[in-house]
């Protein structure tokens, strides 16, 4: 039988893309969550300018991360239930590559569009433009790392009785390096230091994840499927 | 046929209770979320004490609310898919009452336990005891209101293409009065005013919701089912 | 019991749409009542929709449905059982818990004995404490059908069964036939969809969609 | 084509547990190969588990499984199709999209013509652009079974079908029988579970669990 | 009158002649209003030319609130008398209201930058407008979220009504909440203190916006009616 690998790629990307398109709820949920946090904050802190500016950048970050986490740990679950994960397993293409593509599509279509909201919210919270610019860059890179971590965690918890019982618990500690380096960049910019070393560290972490994550995920998906 | 209404009540409570017990993931998710936010905050704001104390109470609140919202809009969805909502509809007991009970059980078993975490986190963030005390009271009352709002929103969105597309969007604006009165209480305590007027307002809002919410929810559940 | 003899179940000029699709227009059916009605038709012809409409889970666009001598809606809800194709049992509860709660919600008694008796008749007593998610499809179906095997169920007026024979093994099919016959003998009305060619019951009406 | 004649499919001393339950212990089966194998047994006897084990979705505890002349695992994955009881189509995609993507993932061609031809044979061409969530159970099942009706599928070595006749109407059953016969004539092996009493195929082996 | 017009065909016939003139009116008023406000009204002694943003900001703000109110009324009609026409009206108003509320926020922000030095502060008015905006989003979202559009009508109507009950609460509570910290309003010349030469262009703009809203809503209603007709035609074809 002759197998056409190009077809597999096309089909895979089409599937992922269409699924995300049809179930925009994930995306909407994230946005609404972000808005929720950003509105709630001034309501609790009180509208006083000084307090707000102190924490405004933190708010944007928290809003972004907290809104991504609930989606992250569901990367595989619906495919698992629908039986698509099985189809991926039956596919002649290596599962590792499929996972890598899946993560990329997820990142590209679901997370990257969120960057639009960074400037909007930042303006609402009076964050200076230079920091907004760096925020966007860090977020674009860091979120890829997040997706890869999410892939590990959600595949690890696939076979558990009540899914996503532990996956947010796993995501958090794994994500902290990304978080610290990302924050390092912003702090450096704020205090007029060179942000690049931190940025390189951030990129390194993401590159490492790019290699490890598909391996671990594929392994644990296989375990979840054949059990 | 003689119908035993006591049986209905017992069965209903047993069902809800067991479902929550078996799927602790909801509860765990909420807790993890709360922890996530509370850890992430000092990481982004930076560890300087003064900054933190300014916003510490806000952090606890955001953590609580943000962690509740994703669960709130799923009050009905699993029952809808499993067909239990239909069984409720067939039951001789009024749907409004069933819903009220459901909300209460949800509140009592899923939300009230979260109050344990308020003192824990508050102590971590150096919040004074008097405020912790009021926080707990406000949360206990306000969260009932949240549940009732969640009931409205999740029932409104039951039959939608992609569930929970908009329900967080609905929860937010409806929940703001609760939020503002709750905050009013805390602010009053902080500035040594009388917190009771705000507390009464908060209770009033919840009482109004207690009447409106089951009516609206039952109405929209019936629409979702018979379509 | 006698009162049920005078009941009737009639669809008059019914139209129904789902999504943008018209499923029936001007449908007229008179069901055998009491008796067994077997609804046939090819896939997608609207058998399931018909049952759901009769059970008030779908709203007809036009026409009138007479449900067992013009029962009021709430009475009708209490007087029939609809068994859908897909299991409507909670995955995270055991079979026994599911049935117990189901009985309770109907306002019936729910002691363990009763449930066990019903499960035993279907030969799945040993799965009593299995979580539904750990049961095979046939066992789920049998658990679902045990809802028909309570004393109270036989006192109802109508059963709506959507392809009840799917997934069932020989014994299951035989026992289901037995309780259906029993119910009809007690003057009950059954509306059953089915793709089976041969029908083993003695007295029935076939309705083609 | 001829090479398939020498294939064999044997279970030797297989034990399998799911959860805490032992489903098989020391099971020995030799399948008719090529040919139609019909697996029977009462509900919960492990038919579905058997198919999943053969398809490598469950791991045996002990024993050896010879899959079509000791195929390597990856080749085996590419050389068979498993059709499960429950639809494995995405609700949020249309039938056509589902099949297209499925073909693509297998590395097969996926042009519209091909899909349409297959759907047409099953008589569900008009549902092509329906979301799967808006289809009746029988239509879903037919869409699922259309996966067997591509040219490439007939060139595979083995089909594993779990109760494929459920939900199907008369025409669906007839057509499924036709393609199963065609596949067997092309020296394919079919493992099918079923609760049907009468089996219409000419040549088959019944395996009792 | 209402009963008479509630029939789609009669309604379409009725608006045919007046539709055009409403459009012309709205164009005229807005044109004159813009001219007066941009070239023929005094500068504010403190704000300079930026004050001219007011002439569009205030109509946007008022109509954003007013249109939501209209949606709620139409929804009440729809739920009580079950007349599909009320639903169509409500659906036709929503997009316009959403746009108005967004424009209020945008023009307000544009104004806020020179006046307050920031695009946004979290005070009562702004927050309540943001929430109104969310309500519009939610209304439109839920009314289109169902596979069959008609199924969204009732949930959306319920939402609109719930929102109406909630709006005054939001408004008052936010105001109330604000008094604790925020000094008195930053807005410099509200109410009767507004100067005559500013009032006239503002009123003209308001009239222009009124006609424009009616015009756009009529067009929306027409489109929706035609779509409905089209839908029922599909339904008949089967």
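Which chain is which? They are A, B, C, D and E, in the order written, and residues in each are numbered from 1.
Just so it is clear, a contact is a pair of C-beta atoms (placed from the backbone, for glycine too) under 8 Å apart; a residue touches a chain by one contact, two chains touch by 3 or more.
Predicted model only: the values in this text are computed from it and were never measured.
The minimum number of touch steps separating subunit A from subunit D is 1. Between B-E and A-E, more C-beta contact pairs are found at B-E.
Most remote chain with respect to subunit C, judged by CA-atom centres, is E.
The chain with its Cα centre farthest from the Cα centre of subunit B is D. Chain centres here are Cα averages; for subunit A and subunit B they lie 27 Å apart.
Subunit A and subunit E have Cα centroids lying 37 Å from one another.
The distance from the centre of subunit A to the centre of subunit C, with each centre set as the mean of the Cα atoms, comes to 47 Å.
Work out the mean CA point of subunit D and of subunit E, and you get 58 Å between them.
For subunit A, the set of residues touching two or more other chains reads 22-23, 28, 35, 39, 43, 46, 162. For subunit C, residues that reach two or more other chains under the stated contact definition are 19, 86, 92. Shared interface positions of subunit E, defined as residues touching 2 or more other chains, are 131, 134, 141, 147, 177, 180. By the touch rule above, subunit A contacts subunit B in their complex via residues 22-25, 28-29, 32-33, 35-37, 39-41, 43-46, 51, 54-55, 57-58, 61-62, 65-66, 69-70, 162-166, 168-169, 172, 176, 179-180, 183, 187.
Those residues of subunit A whose C-beta lies close enough to touch subunit D in the complex are 1, 3-5, 7-8, 10-12, 14-15, 18-19, 22-23, 82-84, 86-93, 225-227.
The touching residues of subunit C, counted against subunit D in their complex, run 18-19, 41-44, 48, 85-86, 123-124, 127, 134-139, 141-142, 163, 166-173, 195, 197.
The residues of subunit A lying in touch with subunit E in their complex are 28, 35, 39, 42-43, 46-49, 52, 123-126. On the side of subunit E, the complex with subunit B involves touching residues 131, 134-135, 137-138, 141-142, 145-147, 151-152, 154-155, 158-159, 162-163, 166, 169-170, 173-174, 176-177, 180.
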